[in-house]
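Chain naming follows the written order as A, B, C, D and E, and within any one chain the residues start at number 1.
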Amino acid sequence: MRHVIRRIGIYLLAIWAALTINFFLPRLAPGNPAEIVYQRLSQHGAVSPATLKALEIEFGVNTTDPLWVQYIAYLNNLLHGNLGISTNYFPNTVTQIIGQDIKWTLVLLTVSVVLSFTLGTLIGIVVAWRRGTALDTVLSSVMTFFYSILYPWLALMAVYFLGYTLGWFPFADGYDVTLTPGWNLDFLLSAAYHAILPALTLIISTVAGWMLTMRNSMITTLSEDYVLLAQAKGLRSRRVMFAYAARNAILPSVTGFAIALGTVVGGALLVEIVFSYPGIGYALFQAIQSQDYSLADGILLLIIVATVLMNLVVDMLYTALDPRVRQERSA
Amino acid sequence: MTRRPILDVKHLCVDYLAEDGVVHAVDDVSLTLRRGEILGLAGESGSGKSTMAYAITRLLRPPAEITGGEVLYDGRARANGEMTPSVGPVDILRLKPAQLRAVRWSEIAIVFQSAMNALNPTMTVGTQVLDVLATHRPEMPKPERNARARALFEMVGIAAERLKSYPHELSGGMRQRATIAIALALSPELIIMDEPTTALDVVVQREILTELMRLRERLDLSIIFITHDLSLLLEIADTVAIMYAGRVVESTSAHALHRQPRHPYSFGMLHSFPSLRGEQRLMTGIPGSPPDLRAVPAGCAFHPRCPLVYAPCSQVVPALMTMPTDSAAITDSGEQSVACHRYDPARSEGKPLPTATEMEDGYATLSSAFQEAGKA
Amino acid sequence: MTSASFPPRSRWVKGKATLLALSFLVVLSLVLAACGGSSQGKGSTHVLTAICSVGGSYTQNMSPFSPNVNCGVDGLVYENLAYVNGVTGQETPMLSTGHQFSSDNKTLTFTIRDGIKWSDGQAFSANDVAFTFNMLKQYPDADSGGLWQQLSSVTAQGASVVMTFTNPAPTLLPFIEQTYIVPEHLWSSVGDPTKYVNPNPVGTGPMKLKSFDAQVIKYVKNPGYWQADKVKVDELDYPVVNSNDTALLKMASHQADWTGIFSAALQTAFVSKDSAHNHVYMVPVVPVQIVPNLKNPLLAQLPVRQAISAALDRTQMSTSGEAGLEQPASPTALMPGQEKYLDASYNGKLPDFGAANAAQAGTILEGAGFKKGSDGIYADAQGHKLNFKVTVPGDFSDYVQDLQIAQQNLQAAGIGLTLNKVSDDDWRADRSSHNFDLIMTGGFFGPTPYYYLEPLLNSSHISGAGATNWAGWNDPQTDQLLKQYASTSDTATQIQAIQGLTTIMATKLPVIPVLDAIQFFEYSTANWTGWPTPENPYAIGSAYQLAAGDNEQVILHLTPA
Amino acid sequence: MRQTSPSNEIASVPGGANRPALPPLGRTYASPSPFAGLMRFLRAFWRAVTVNRKVMLGSAIVGVFVLVAIFGPIIIRQNPLAYTTDLVRPPSAAHWLGTNQGGQDVFVQLVVGTRSSLSWALLSGLMVMMISIAVGLVSGYAGGVVDDILSVITNVFLVVPAFPLAIVAVEYFSRSTLTIAIIVALTNWPWGARVLRAQTLSMRSREFVTAARAAGEHTWRIIFLEILPNEIAIVAASFITTTIQVLLAVAALEFLGFGDSAAISWGTMLYDAYFGSALFQGAWWWFAPPGFCIALLGAGLALLNFGIDEVADPRLRQGKRRRQRGRATVAA
Amino acid sequence: MTMTTPSTATPILEADHLRKHFPVRQFRPFAKPQVVHAVEDISLALVPGRALALVGESGSGKTTVARMLARLYEPTAGVIRFRGRPVTASRRAALLEYRHHVQMVFQDPFSSLNPVHSVRYHLGRVLRLHGRAHTRDEETAQILALLGKVSLTPAEQFIEKYPHQLSGGQRQRVSIARALAAGPEVLLADEPVSMLDVSIRLGVLNLLLRLKREERLAVLFITHDIASARYFAEETLIMYAGQSVESGPSDAVIQQPKHPYTQLLISAAPDPDRPATAKPLPARGEIPSLVTPPTGCRFHPRCPHAMPVCRERFPGRTELGNGHWTHCFLYGEGNDAPEGPATTHS
């Protein structure tokens, strides 16, 4: 448990660091984003005092307050869930926009990340177990190529060939827009059907990493004495493969999983662009394109916090998986 | 009293496929273990003793490969005919995977050197015991299995509550006891122990050995005990085989070996352990280093370090031969085999059988020759 | 366990599991595909699918005065007093039946159409019109046309609305006509209309909101519409797409009927996929131009601007940079079809710039005393080299490509050009504050070229926050001509003024026109017919509405195929 | 990457013998004369490259790209941005990989773009390597409070998602590859630092380090001349991994239009192709090559990486399976 | 061959009441800091030309003692005296000067040489650090001499070799040569042969014996093998869980062990010559945790003769004559009570 508390401490620090980066980015940047936002808002008419105040705090303009006062005000704003006002979707707030888009990203990512991890890990286990066979050679080579494939490239190919040319899958939208969103079967099936291609490409581009990691880890584990002993004990292959070898080999993968989450969240952006899939990543891209700084910052913050939270979950998982961490090494 | 052999290893060969050719890790090794006895296998690093353990249990992994020989195992006849209906010995190397799995552990168990590495760190030791029972005794009801696990732990001197512990929560000694408990789970006939106590401190080592000797009496176990510590082996083993560079150079009863080691290497080894008692004298040891298996000297692999070396040694590999009967007067228990040309009437070139004095003086000369070379 | 049976059995089990998993996936895909396929059918209601927003999810903004208003609100829910066709300049009365300027052009009276109802059943009246304009006075944010800078009062008088101006303002008419009218009974209490989300919009237009979702906005036919018999569109869906390519794919596969996006692949990826149904109709609207900063002493010299203009390969820019969709501009900055604004000397034919001519550029420069340096760049007698930076928004990829071509053209003519790629906002800010050497930009659009020329050339727009005379063109003759146009409602006098202005454009090059910007418009006749065509340009067809009311006109003309 | 002696042959002491992580690369480190040193280096380099099939293949792929990056633009001598009137033409003798929307030669762009893509990837890889070496070694060697602080910083950076941060930062600062490279470097170092720290920690307890301390060796020499050379495998692995990361990240950002579109690189080529709707015009020759090159270079780097892993950890080596001569030797 | 005459010569290196506590690193800001009581009150003296064997099981603190003497660890308490003068300064120059006299040989020949450096580098660095070679030629000559001294011949063949090209015994010889390179008077040998193959152990041991004699080295010989202690060292000090339990001339300690722990240790050692009648002593329990060590004599939980007093305090030293002494209440209260409470723990 002490391990988890320690990790939580680190994550809190990470979140704090993220907040602070978010606070300082616009202040460090050359030029003054706040000016731009302010100008743009002014073009639409007089800015209300509250909006102005929020902007000033957000970007540190038109204020003689010392930095730390601004910082406190900024933190206070965040504490109240106030991420500012989107200029792009004015008068909607950043919180509203995020709230609207996040569910899509969350579902798509969770499903494909979990699937990819599971699939990659399973393939890695099997391939390591059958090391040196044709299966291993073929899969390892193919996966090495896919390991560093550029995601948008792969996705566009999928959109064009599987989606457009062959027409097997829809190539845009989160669901068939003629349907009414809600908890009805038609909509859910449609949403699932629309998620196949984005998820598939996401899985293909990430599965290689998990597979190769797991393969290496598994091979290393397979040479451990306890695996040899398990074989000597006459246990069934599957038992040896999973309970003895894979159970231990997966530990480094789990750590890697936590680290990779950030990358995966970043990948969401590309998925959503290429597949015209609704979600937070595309919103970030749009926000950047149109210099909607408050929205971009808000989403970045959210992504960091989400990554941190997922890391925490993975940490707990790790703790549950490894009794040595669970019980804390005593000196 | 000669008992029927339980394990008969004949002309076993194991090769390692290295990048630059084949390495003979075990080269034409034959051993016999009699029921209820302890066969000690002694040797230095690279002598092939651990490879033997893995070869007998068919646990070798690439790049190691068995390239010849037989491992004849003659277990007790099983009423349920699980393994083999015939009472005669079976060649473990020819068993089909399913048969092999049946032989493993219920007949032959193995204990590795490092218990830390031999126990699955993410599984309680109890589960690792129960695993064996669940696989091989599926008919046994669960409570009975649990009871068996508890009994096993108590048998090797660990409190039964420790079944719930993970390996890292146990001390080195307890871990090794736990692996022994796992080895005993199915009351196998034969246990192969690969340096089971080397990683432990002397006091713990002694405790475990004592325990082991007690269990062996009680359970009528046959044991192959592998170690580099010859002095320890002499205390516990019935018969001893000494390996050098993948071959057995001498095989005899522990008693005979202690009294009169025949092979110059055995002699040198025995005289490399400083003694706790008796007169203090400068010992010479064996000069030089054990050979690199990738470049084993021609002929007798030991000849560059041997005090008795003469012409044939660097040309012909000596075979392991039973000592001529006329020397039986000296060996009062069992037969004594040695792989040295000096004991082979056909090759001894008229030289007499080597004596302890000759070997001792030879080593002294050889040693100072090495020293001289050193000072030059 | 027997020795013989186990291994094969395990292999079988494994194989079976894999097979099972695979077949499950296949079945799942098929089921989903079937569902997806079946839902494509649209039944007996006639649904029009339009794409008018590329980029992210919708957030609800249904006030026509919001800067980020949702598609379909303008024109389909809310209407304006009259529609002015941007191509033909023809006027169609809508909520008004007509208007009348007083002789001093300081009073304008609209006659309001009778019998119109708001979609909630309440009657529409002149009071709503007066209310709307007075609301704009109260909330200047919403007055994007700056009407109240010249209005002094708006009052309802029976079925008429009377507007008075502080000075003659006939050029304000299109802005007044294009103002969306909102119901007083609902809007009198909403406060600032730019910040009002207006979740349940009530208008007079042909459609009314069916449902709002972040991914799709749906409208249905408004049965109480005053021209309901003309509306054949039962439902209008605006799905969101994230990229132009996606929009184009949807168009090509008839998942959408109507849009207005840029794509270099229009011909290959859209039109040629189904040339019977897939069409494009691009209306040139205003020139894209390279604006010189006339405060730069080099660029202030006419020969330099002429040399630059002469060196540009507008054909290459048209074909490579704009995929052949935009044509080279005329020196007069007039669009094809606007020949009536040409000076008589042009014989009614729009002049062109001709092919790129580096030699001619060199002659012009040498004639003006410039000498080519060893680096191949011309410099004046004082040694000031003709090296310029051209500012461009980095994400306007076609502009960037046009300018990369220009860079090579100018290089050949001895003029150095470097691209200064900036963000959109910096580009706008630099443009207004004359912080550039050269800048590439479009212009303003209106029913006559006046609405393009006035902001660009009037010396009163040189400075100030939203300055639009980006070049800094300060010419009394130009100002005089502009004033001549603005102070009369006599069309002939106005045409005369524009003729003078186009001559100035062509001869003095206050800005360098490059290409004719077009309003992109792609449509499919697979489901709907009656779209605007070159033969019947009743509106600018783009689903992205350029001027108020175009979309409404399109809806009124469409019939199911 | 940790190994304990698997064969127990030398084991008379708990813990087993910790072998060096890498079989030393021969005599690369001490060179009596410069020329002999060079020859030794070349020989050692050749041996290192041919030590393993994966390394061999990986170095071949990466080597080709490096050569193209260095010499390609010199040999080609053609302006990759030169516009022609041959628009969107399929591959032909005149244009080996066809032309794009601007009539620009795709092959020329591909060759010229190699330099930019590769050099940015390597540069950021280098930055990452240097940061992770500094943090990892200092943290691992110094221990105590220094280690605590550096570890916390490492862990914090470890969870910050690089890609979104890079996007936002690119917008705030400037749309240049340098910004991307810096951000990617700043967010990618913790992985290497963490591994290096762990390795240094274990190195520090190795007796040769203690021996150097007992001999009175300078601390900086211990860190950089005793410990660091033993971690070359990890340094190389982290360098290569980062290089792949950066290659992909820069390309992805350029694809989104956040790069410097005046410079030709694989990412900007993809950007042009994407916004020029290359795929939908059927212009595969415009779209496919840059993506393929990225994947191929990435695969080459990955192979190199896996190869190094195998060299460093013999257990990962592909077991050469000789057809068995009539004997069952399977362990399972 | 070792003469067991009691030492009359002046010790060159002495340790008085050395104590070492390592703080336990933990993440618990409000808890009381914990320490590992690795070494409690050890005193010893090293004499030129003679060896003292430090015998104990793993965790007995013997290596910690050696490292304190090598000044790799700073003692928590106690004094180290070199040639009668306390060694306290820890400035680099002073440390280097100290290390010039006191050198260490490590246990593991595989890890004590840096795999990336040649034999030349290993020896040359020490020579240069200690100012014994300034040019490359000087260095080469010195290295060749050192290699000859440790019987690595022909030395020219070894000078450019890398550790992986050497066998275990050769590596250990290089290690010894490295220690000699500083020209020390004291050699701290931490289990120098325990990781070597049996057949080559004696070679290395004999080399050390020769060096001890020829170079008049004062040797601290650390081992867990009591038989080697007898073979190599004139005197033996037995340690248990950080405490010294018995010391004296090696033969006396081994032939007539007084402390119950010494007796246990000897009875457990492999000994083929042990009379069949001699049953090994029963042992119970294991070496205790040094974070929370038992009070008093740390052996008392395992001691068959434990008395209540053993639990309360650590017995003082009882002289048994001829330099043989023990800390055990079986032989009286003992004088020379240890400094301060030896049993503090938290």
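We adopt the following convention: contacts are C-beta pairs under 8 Å (C-beta built on N, C-alpha and C of every residue); 3 or more make two chains touch, one makes a residue touch a chain.
Predicted model, so just to flag it, every value in this text is computed and none were measured.
Interface comparison, D-E versus B-E: the higher count of C-beta contacts falls to B-E. Compared with chain B, the chain whose C-alpha mean position is the greatest distance off is C.
Here the spacing of chain B and chain C, counted between their Cα centres, is 89 Å. Centroid to centroid, with C-alpha atoms defining each point, chain A and chain B lie 55 Å apart. Put simply, the C-alpha centre of chain A and that of chain D have 23 angstrom between them.
Rounded to whole angstrom units, the spacing between the C-alpha centres of chain C and chain D is 47.
The set of chain A residues touching two or more other chains comprises 132, 164, 223, 225, 228, 231, 237, 273, 285, 291. Residue positions of chain E touching 2 or more other chains: 58, 168, 197. Under the contact definition stated at the top, the residues of chain C that touch 2 or more other chains are 249, 395, 423.
Within the complex formed with chain E, the chain D residues making contact are 10, 12-14, 17-20, 22-24, 26-27, 29-30, 206-208, 210-217, 226, 229-230. Against chain D, in their complex, chain C makes its touches with residues 244-245, 248-249, 263-265, 268-269, 316, 319-321, 323, 394-395, 397, 400-401, 404-405, 408, 419, 421, 423.
Against chain C, the residues of chain A that register as touching in their complex are 31, 36, 39-40, 42-46, 48, 86, 88-92, 96-97, 100-101, 159, 163-164, 167-181, 186, 189-190, 192-194, 196, 237-238, 272-278, 282-283, 285-286, 289-291. Interface residues of chain A, counted against chain B in their complex, comprise 132, 223-226, 228-236, 239, 243-244, 247-248, 251, 321-324, 327, 329. Residues 1-2, 57-58, 148, 150-154, 167-170, 197-203, 205-206, 209, 224-228, 230-232, 251, 254-255, 264-274, 280, 283, 286-287 of chain E touch chain B in their complex.
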